[in-house]
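Lettered A, B, C and D in written order, each chain numbered from 1.
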């Protein structure tokens, strides 16, 4: 088993965030394991180090934890930290929601981008955070992804992203939808530059994020049991009354249906990324 | 209804060929209509001008008839007429079979290639003939297709082929199988040259021909009711005991499953080709 | 909030039926009211025109969804001198919710793609209400690569509630089909023009709307999600859809203002679009104008502009 | 005609069992026959080696199909210092009959593809007896385009009875999947080497064997159709398969002679391939030699040669 070469640090205070840790299957402080559907309380969850006691599924975590979990100690350098969202449509209630999300997560938006070393390999690294308005993609998320991809091209670095999103950000209307086209076009430029692009789909990745940059990577990895799809399962059930097959839209189902390359447990993610980076650099360790 | 601007001519004597007109579903002089499965006798068939009296399906015809049916009068000029097959593997009985096929069809091989005008548009045109060893593809068929495609490239002409084949020619072993790769590579060069390639799949097109140049066209047309596939239906039933769905491997089934562009009756084939050639030349009639 | 466009049209329907009664009566009583009738007719049309100029956002949504508006196949008939439909993704199936083919537009060979809704319920079932499966997007993808091979400009007509939200579509990679099409269009080496003709619904519409020019009919809409979906997600109350229709700024003039749409094609208020030669002429003229303009550009320049066009969309501060 | 390779091995099995009895006896009776035993052992091995050098064509077919031979995953373990398997066609499914991924071969990053048969019946059911569906070929296609993006040479390992002849495979375009792969490989802008390791069956094998160099193990076979199919089609008599095995000229030396195969890798007669360091070393050495040679060529030149290599195949007179 891989041992991460770092200790969790209180880089920023996550205690406030923890309390409001949203879960897409929560009811009154209880959590449903996305992998095995076991219900457990907040207390049990913390006690188990964010693991499901029944199936070892690792629950939704934060963008900062993602970054620490795979990058070499002290190697991460953040970009565009101050980019923050306006209310271009003057959508009712949007500013309040943004303010609340910022306060609760101590993040400026639903994504962190920057550069990091992973096992000595320099990369451009991004991580989305489901706690910030369900990881929805508005102007800032799209812009930060594009800037990060363009910096990857400028510096000839591999691009790695942890995806996690409820989809487009309704409150920004068409400006939000267009981020799908904008990020997909940026992937086109990554391809033209011949750079490695790895996306890691985590629970949940749906809507406009799945239908744009997330599914366009050279190598698509998913965490076990993650919900991944275009339309969410509830909408499918509600609008069409269709019965959902067992395991529908979970990582393992997507692997079987040819959509992803590898299902990899969280604790072995770093070692897999290092092996992939190593092969892609022709075995010449950075 | 389209009226062909030519009359059938006795270009070569087909009377001997007619008698031996092979049908893939024949039993003792009776024919099964590939479209509606009606059985009819040789006499009925001739009386009906090669049409099925029940569903108007037009039966398997000869390569020469194909060429006359779509090209402008007197415009066809044959290429490589003298290319003929050796017995490279010294396969038992192959030479006898070849001699018999040549005698019966008055053809040198299972394909005719050349150049023709269609509605005034210059094209390279090829037609396979099912009567010649079931239209199987050996060295000569592959070579004539490649030469014709290369001449299309040299002269910047569209390439049109009537396909009709039982698959690879067993008696030439690996030399026959490699014609699949050889013709597919030639299609690659047609693509690089930006030339239009239309294939017309007729009853039956199976095996190595379907799995190479025939399915690589820009526009794939099929005659109604034609059997088209990789493995023939009998082999599927015999080897796997699988029950075949109704209409399996027929043109209409392939259209529904996304494999072909258009199902077009034989008598309207010429007019469709002229329209396609016209659009592809940007509406500038030749 | 009206449930369909006939509710806000009820007044005129009523007036028009009264007028018909008057006409009948004038014939029956054999007295000439023709001047008066013509005057009332003019007045009704004035009122109607005025009303259509001031539709609420929700009424615009209803109008954009109207099944009596022309669909992609109608526009092809109205605008093209030749069209040959091509079928299939060469992978799995042929999707009737997307029409594709080659044709001649003002003497120029083009590849055409568009969503196709039905004219009535049975027809709509065949066309899956204009909601494509992955096969539809993959057919489009194949035909786009063919357009590139033959150096043919591409025209797309947009009119869909969205990509089909069903299990089979998910199973066969709906998200993958859409993203691959977005990427393909963003670097396709031929000019691309999109016309939003009716309902531009979410990612399912966007997949065919990555273009060098985007035109939009004045009563069409284009949005990140339907107002119903938006109301249901944000308020868990579908009845607030009309509020959302306003909040989402999804009509043509709003989208022209934020630079997503290049030109709005005015629709006539009083005639069905397919019966208005003025409208057809103006649509044809606009498409031709933009097509001539982008066809004269060299491809690397065009692709750079297409990228920048997308790249600059978004509002934020640093 | 023997039904499996154990029939022609029966003599040695018998001799070996007699020798075992002799050994047992020598222990039981406590008398030393070690010299005699060693001599008999040598003699048996000599006979065996001699026999393996003169297999009938049909016996070669049986040996090529032997499930005890290494499969693609075994070769990857034996030849690669790193391998990461990648899955799926991103369209419909993941086919276990074709293995694909990236790895390190002699310090060089390569893309690997190969047919995968099972080791026994349950394993074979999982891998569909090494018979790919369209998804397998489309996974290969996707990974080949990735190899091209990253400028990575490709190694393919061939061992399949053929593409799966089933209704589902036909429905999803088996012929289309194969032809598109043939076309893709014929112009792929990276070096490609194929190794025929077992049974090279028809179009299903060819689809992964369009390459700059084709190596073939001395007991592998490669043919337009299986001898059984050929006998069934030509004589409607599957019992004449052994005749057809000879007539089809499907063994390594015959294919080297007509120029389809570049090099034959000699197999040891007396050991399983995976246990023979000499064999593994010679296979690795040959692949490396060819890889070094084609990697030093510029790509347009390589592609021209790949085309000509295919273009000149065929025998005819004018």
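Criterion: contacts are C-beta pairs under 8 Å (C-beta built on N, C-alpha and C of every residue); 3 or more make two chains touch, one makes a residue touch a chain.
Quick caveat, the model's predicted, so the values are computed rather than measured.
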| item | value |
| --- | --- |
| Selected pair, greater C-beta contact count between B-D and A-D | B-D |
| Most distant chain from subunit D by Cα centroid | C |
| CA centroid of subunit A to CA centroid of subunit D, Å | 42 |
| Rounded Å distance between subunit A and subunit C, as computed from the means of their C-alpha atoms | 34 |
| Where subunit C and subunit D are represented by their mean Cα positions, the distance between them in whole Å | 55 |
| Sequence positions of subunit A contacting 2 or more other chains | 191, 215, 257-259 |
| Of all residues in subunit D, the ones touching two or more other chains | 90-92, 172-173, 176, 180 |
| List of subunit B residues in touch with subunit D within their complex | 80, 82-86, 88-89, 91-93, 138-140, 142-143, 146, 168-170, 172-182, 184-189, 191-192, 207-208, 210-216, 229-231, 235-236, 239-240, 242, 244-245, 248-249, 257-259 |
| Residue numbers on subunit D that touch subunit C, as the complex places them | 90-92, 134, 138, 172-173, 176, 180 |
| Subunit C to subunit A touching residues, read off their complex | 163, 165-167, 169-176, 178-180, 182-183, 186-187, 202-203, 206, 209-210, 222-225, 229-230, 233-234, 247-250, 255, 258, 260, 306-307, 310-311, 313-318 |
| In the complex with subunit D, residue positions of subunit A that touch it | 191, 194, 196, 215, 218-219, 255-262, 272, 275-276, 278-283 |
| Residue ranges of subunit C in contact with subunit B within the complex | 81-82, 84-94, 102-104, 107-109, 135, 139, 146, 149-151 |
